[in-house]
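Note that the chains are named A, B, C, D and E in the order they appear, and that numbering of residues resets to 1 at the start of each chain.
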Amino acid sequence: MTMIELKNVHKSFDDLEVLKGVDLAVEKGEVVIIIGASGSGKSTMLRVINNLEPIQGGEVWVKGIPIHDPKRADEVHQYVGMVFQQFNLFPHLTALANVTLALQKVKKIDAGEARRMGVAALKRVGLEDKAGAYPAELSGGQQQRVAIARALALEPDVMLFDEATSALDPELVGEVTGVMRQLAEEGMTMLVVTHEMGFARDVGDRVVFIDEGQIAEEGPPAILFTSPSNPRTKQFLYRVLHR
Amino acid sequence: MTMIELKNVHKSFDDLEVLKGVDLAVEKGEVVIIIGASGSGKSTMLRVINNLEPIQGGEVWVKGIPIHDPKRADEVHQYVGMVFQQFNLFPHLTALANVTLALQKVKKIDAGEARRMGVAALKRVGLEDKAGAYPAELSGGQQQRVAIARALALEPDVMLFDEATSALDPELVGEVTGVMRQLAEEGMTMLVVTHEMGFARDVGDRVVFIDEGQIAEEGPPAILFTSPSNPRTKQFLYRVLHR
Amino acid sequence: MGWQGIIDSSGILFTGFVNTLTLSIATIILGTALGLVVGVLRAARIPALRAPLRIYLEVFRGSPLLVQMLFIYFGAAYLGLRGVETFIAALVALTLYEGALISEIFRAGIEAVPRGQREAARSIGLSRFQIERYVILPQTFTIVLPPLVGQYIGLVKDTALATAIGYFELVREGQAIIDRIGMPIEVFVVIAAIYFVICYPMSLVARRLEKRALHA
Amino acid sequence: GTSNSGAGTDKLKEVIERGTVKVGDCLSFAPFGFMDESGKPAGYDVDIATEMAAQLGVKLEMVDTTADNRIPNLQTDKVDVVICNFTENPTRAKQINFTLPYVIAGEVLLVRTDSDINGISDLDGKTVAVVTGSTNADILKAANPNATAQSYPTSAAAVLAVKSGQADAMIEDSNFQTYQAKLDPELRVTNDSLIPLEHNGFGVAQGQLNWLEWQNQFIFWLNHTGKNRELYNKWFGMDPLWPVAYE
Amino acid sequence: MLAPWATTFSYAPAFLNALWLTTAMSVLAFLFAFILGVLGALARRSHFRLLRFIGAVYVEGIRNTPVLLQLFMIYFALPQAGIRFDAFQAGVAALAVNAGAYLTEIIRAGLQSVPRGQLEAARSIGLAPRDVFRSVVFPQALRSVYPPVINQFIQVILGSSLVSQIALPELTNTAQTINSQTLLTMHIFTVVLVLYLFLSNVTALVADLVGRRAFKPPLYPSGPRRRPGLLSRVGHMVRGS
């Protein structure tokens, strides 16, 4: 079953065209890794899927819903969870309250049940003992795991990760990639923008290389990392892997 | 000739003892790399040498001048140049004016000559064409190179670098380490706090490992990096190199 | 007669104090409510409201409060609005003026909340109203509180202008006393001291909040 | 804008049914109206208003006003009647109705005791305080164009300006000025009135003929019973300078 | 229909005269206020405890009492102590003393806002304390205080309307007088409101143009071109973008 489908998506900021006709289909249970140079449009692509940016052309389908249709765009949030580079936890709420907010306000689940579900989500990321802590009292890695729990609690079908580990101190990266690995093993459909090449190789079913707003090359990590066919891919991988 | 000598230096912030008896001697032309965990006192040591922090005990000698003597402390600036992690360029002055300010105000060199010397210093860091640019118009790597030129123009005998590259985007690090390499080759005496292990290995004559305000171990990079004797050093290097 | 005259007038001073306080508190409540609504609407960048709110803001921020007060007092009279007495006219003018300034405090507070917060809130499906109510406004609280208290100090002092349309607040009562017993220096010093006693503690609170906000 | 207020309605009936009469009084104009030590309205006009409420058999509600607000207050029905040393003239009578005069005054100058000003001709190049909305600025301009008028919002402020030397003189009603000079030995009043006498009455909104008639009856009563003279004596410490009708 | 406007505009000479008085008073008051502000800021940062104390008393005393009261003190009360200002001088003095207290705090904050790293870098290249202040701290402080200082100037212009209460025929007083003669409240106050808006906006506009030219690098980053209104641009400047 196709969970996400982009058809010839065009996206511009004023005069700057950032996505220049992107086509992509992600099947249920697939883990797709997105790589590319800074500014190539990786984040923009995820944000377009999650309806955080309007598009100027093309179509975006999520579980058969036309997200490019403004009337239906907001439905995307029922099926897609997103984890941001900067965590974006709500600083005035505890870890648990961050997780239960949408359960109560959007899904209208009552407080007791929401609490039970919130604790379960925190348990999945190994943080049930931090339920009462505020974001400022948590390490970066813990914050990001709460952000993952917040998205997971809504039981999304697809998870988007935009450089979920790159704002973390090197020592803390493992915590978060661990949780992501586990999610992948459980069969979650995932789109992951990352610079962690080890993770990409281990976990990705497919790697997509974006260059200047277009998908320049894609394939299984074993093939794409070792013998890329596009010279731009080669150049990019060389720079990333050999610095 | 000993350029810098620290003898049993003690430095506290209120109740917190940050340097707990540091001894160090740096010879002319040596490049000393300083490594250690965050908060171990690396920056504080450089700042003490450059008379930006008063000390509570011990002695600091620079080219035979007792810097711990408040009456002579300010002489240090004639011999020592410092490059900060955050560049600290003067934002209201052009690159050239940043470099010539001290030439004119401190060394009382006239405008024309100062300008010639300033351009020469910018040339050394490969930025003669950016003389008229303001810091905000320069990339991080260019800013840091102007900061180096600003220090170099005063013809110091010793240069201190405090994580000069860690505020830079990864792509820009090479620009600055390139200039530092070149300085080392020209025989400049340098104390360098850095996390760039490749640079440390290539350029350092000696590596000093600081742990909790004390020098825990020191030696040539080839030895210290491959077979450290202190278990703390081992642990630190393991964490830094195997991430 | 000397200071005795001022002590004998403590009743009239107290009336002035109560009147100043009443007008201040009423303005704080209404001005904050107005400022909050306008601030939120402006931060939301609703195209249809953009121009009218902007005009409101520019006019009330860009002209003297005294003129606004006279305008409303006399103007209301000739527009045939009944019952616009000095208190109401002063309250309306102060509310519109302080509301404009306070709306900018709220707007700045809302805009200081990082964009990512709004995006994260949308990502978990919150509605526009829910985003403001549960995510944005609670976070602006610590940001807006110090400047808000600062604005309240200005507001208390601004109530003195109601003197000009004949509201019997502290300054006007002071004039009434001078009218009877003379001694302008002494009387004005006493009035100034009363204002200081109201405002200085607020300044201290504002400063403490500011420090706390910086360290938070 | 003229009155859209009471025309056609019977104000007298309204006041009695309401049980309160709303009187506009200038409380920054001692001894006509001012605030006493305890912050309560007091003065000659205030006592007359109290008497009026008693005769109507209703409660008194005092509304503070200023000279320049007297007409707006009437026109917008904020008060039923204004008692504030209101000088009658045909221009004003186009906007409101006046009663019979209850007090008559000249306009005199209030100056500091040590001043060498004794009359209008001494005002060349001097500054003279007047109250915004009173007729005095026009009087001054007509009487001596070489004097400069300073326009203060209240009489209290204008007196203060003379006391503190910010103005050389002040033009105001002779009753008011005499009282001020009596209060403060540093002030005195010049002798000659600058104008023919001024007749001051109550003001009411236009078109309320019953109400106006009642007010005139009330003034007639004040005068012929001697109540008016008694109150004047109480506040000014002397007999009225000029007699009013039907005494 | 048009008669009221005709009457209103027949007072044009009085309005123009008043506009001039308002402008002259504001400009003079602001100049004195700025001097007071610099002196106040230096006093508050001084090594001498007494100066710091005087600075603090000045700032707190002024900022916690109404300007109108300060104006009455100067105009009505000081003559009792033998110090006499005419209405214009009293207006200038009150506005200057008042704005001076705010400028003291603005300038002090501006001096403080220069990052520590700037001072350290300046010391590292051997600049003497005087040069550190003159070449590094002051020029940067000036940039950061420019917007709030301009805002304060606008506050002085608007605050000058209070001087109407001591009978100076500036804009507001003139309006009150004409209003009492003509009873054309809506027309007259509309004219005055527009004149004040004109003054404050022209000030903001001129300050903006001067700010763009006088500072190098430019005070405003040349980002994507937005077109905020003049006043809100100053507001933007004030919040320190």
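The definition used in the following text is that contacts are C-beta pairs under 8 Å (C-beta built on N, C-alpha and C of every residue); 3 or more make two chains touch, one makes a residue touch a chain.
The model shown is predicted, which means the values in this text are computed figures rather than measured ones.
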item: Contacts common to subunit A and subunit D (chain labels); value: C
item: Centroid-based (C-alpha) most distant chain relative to subunit C; value: B
item: Chain located farthest away, centre of subunit E as origin (C-alpha); value: A
item: Superposition of subunit A upon subunit B: rotation angle, C-alpha, nearest 5 degrees; value: 175
item: Chain pair bearing the highest count of C-beta contacts; value: C-E
item: CA centroid of subunit A to CA centroid of subunit B, Å; value: 40
item: Centre-to-centre distance between subunit E and subunit A (centres being mean Cα positions), rounded to whole Å; value: 51
item: Centroid spacing, where centroids are CA-atom means, of subunit B and subunit E in whole angstrom; value: 46
item: Junction residues of subunit B - those touching two or more other chains; value: none
item: Interface hub residues of subunit E, defined as touching at least two other chains; value: 76-77, 80, 164-165, 176, 179, 183
item: Multi-chain contact residues (two or more partners), subunit D; value: 72, 153, 157, 160, 164
item: Touch list for subunit D against partner subunit E, complex; value: 67-68, 71-72, 95, 129, 132-133, 137, 150-153, 157-158, 160-161, 164-167
item: Subunit C-touching residues of subunit D, taken from the complex the two chains share; value: 1, 4, 27-28, 30, 34-39, 63-66, 69, 72-73, 75-78, 153-154, 156-157, 159-160, 163-164, 183-184
item: Of subunit E, residues touching subunit B in the complex; value: 115, 117-118, 120-128, 131, 135-136, 139-140, 143, 215-217, 221
item: Touch list for subunit C against partner subunit D, complex; value: 8-9, 11-12, 14-16, 73-74, 76-86, 164, 166, 168, 172-173, 175-176, 178-180, 182, 184
item: In the complex with subunit E, residue positions of subunit C that touch it; value: 54, 57-59, 61-68, 70-71, 74-75, 77-79, 104, 108, 153, 157-158, 160-161, 163-164, 171, 174-175, 178, 183-185, 188-189, 191-192, 195-196, 199-200, 203
